[in-house]
Amino acid sequence: MSLSDVKGELRILVAEREWAQFHSPENLIKSIAIESGELLECVQWNNKVDPDLVRTELADVLTYAYLLADRMGWDPDEVVLDKLRLTRDKYPVEKSRGKSTKYDQL
Amino acid sequence: MSLSDVKGELRILVAEREWAQFHSPENLIKSIAIESGELLECVQWNNKVDPDLVRTELADVLTYAYLLADRMGWDPDEVVLDKLRLTRDKYPVEKSRGKSTKYDQL
Amino acid sequence: MSLSDVKGELRILVAEREWAQFHSPENLIKSIAIESGELLECVQWNNKVDPDLVRTELADVLTYAYLLADRMGWDPDEVVLDKLRLTRDKYPVEKSRGKSTKYDQL
Amino acid sequence: MSLSDVKGELRILVAEREWAQFHSPENLIKSIAIESGELLECVQWNNKVDPDLVRTELADVLTYAYLLADRMGWDPDEVVLDKLRLTRDKYPVEKSRGKSTKYDQL
């Protein structure tokens, strides 16, 4: 299934429930942070992840992220690809290989 | 551009830099939460969003979310669509229309 | 130095800079989440913490938490102690000893 | 009630339940971020806060922040006061008065 289907499905969900009134960029941004916290709860006390739980919580993060992208008029994949080009420049292969160091400390 | 391109591009970025060793599910989950905090900083003191800034920070959230999905062997769109079906059931149109109330209080 | 000193010092900092106008409960809550993300960045890729960095970021979380408490008319210590009583009841010693299990699954 | 009471009460809670084994700095840091997300949920869809709910969630953030400070051998108030001195220097009154601008853009 392609991304346009997801976008369409999400739009229908929101339209049917008249939820667009709640989906200001600010509220969607807060929602992404809230759901990220719930995702983090999956690894609160150890690093053994329960895939079903992670999938459920990741879904919520992604859903609000897609809704925010759509609200701003963006395609999520394009958002990622544009940033990826910058990341490539900030982390040249020869300097960053095998390191988790942040670009400003490379 | 389709999602498979994004997945491929992300895989190349990570492979070239030998970053897979850092990308345990737990570390990716922490990274999503960290980037969500940076996205939230865009609306820390008011709700007027700078689109360029939001796009940059949303990109980071989405990138780590895509990387986590790929690490778990999932397609991000499928993850969203599966949850969407549950959301539809938890929030029937007639009960949830025009309300931001959580399903357990509907 | 006692807590009343901290409260007093924070009030002076805010008053001198006329920052109270920005310190709505909502903005302080967002700020706590933002700073928690920065604190989390200290352990993004591993669990070896740099004490100086952790102290700096924990300070920001605590500062906004104290400011929120003061804005709501609460003493931070009382807030913690009141909840602690509930936690004791939700996690009886004999059921929760040596377990990180959440109370609703004990 | 003074801070030493809170510290003592928290230590008893943890000791009785043998929870210290779960309270690595990393786990406490994750817990602070998780609870900050729950606190943020109080203002997810609007900025009208329910004081009882905020108090409960703020308590959890503060509890883990106090536990982290104690684990690192720090007094929470000292942590805040030390940073406050830096904040004063980074935000001189005459430059920052009435502004929410970040210090590096002042």
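Letters are used for the chains, namely A, B, C and D, taken in the order the chains are written, and counting of residues starts over at 1 for each.
Following the convention adopted for this analysis, contacts are C-beta pairs under 8 Å (C-beta built on N, C-alpha and C of every residue); 3 or more make two chains touch, one makes a residue touch a chain.
The structure displayed is predicted, hence computed values, not measured ones.
Looking at the contacts, which chains touch subunit C and subunit D alike?
Output, common partners of subunit C and subunit D: A, B.
Looking at A-C and A-D, which pair shares more C-beta contacts?
A-D
Roughly how far is subunit A from subunit B, centre to centre by C-alpha average, rounded to an integer in Å?
2
With centres defined as the mean C-alpha position, give me the subunit A-subunit D separation in Å.
Using C-alpha averages as centres, the distance is 26 Å.
Identify all positions of subunit D at which a residue touches two or more other chains, and write them in rising order.
Answer for subunit D, listing residues that touch two or more other chains: 22, 30, 33, 36-37, 40, 43-45, 100.
Sort the chain contact graph into one of these: line, ring, star, complete or other.
If you draw each chain as a dot and join those that touch, every dot ends up joined to every other.
In the complex formed with subunit D, which residues of subunit B make contact?
Where subunit B meets subunit D, its residues are 30, 33, 37, 40, 44-46, 100.
Which bits of subunit C are touching subunit B when the two form their complex?
Going by the criterion above, the answer is residues 22, 27, 30-31, 33-38, 40-41, 43-45.
Give the list of subunit B residues in touch with subunit A in this complex.
Of all residues in subunit B, those touching subunit A are 1-3, 5-6, 9-10, 13, 16-19, 21-22, 24-26, 29-30, 32-33, 36-37, 39-40, 42-43, 47, 49, 51, 54-56, 58-63, 65-66, 68-69, 72, 74, 76-84, 87-88, 91, 93, 96-98, 100.
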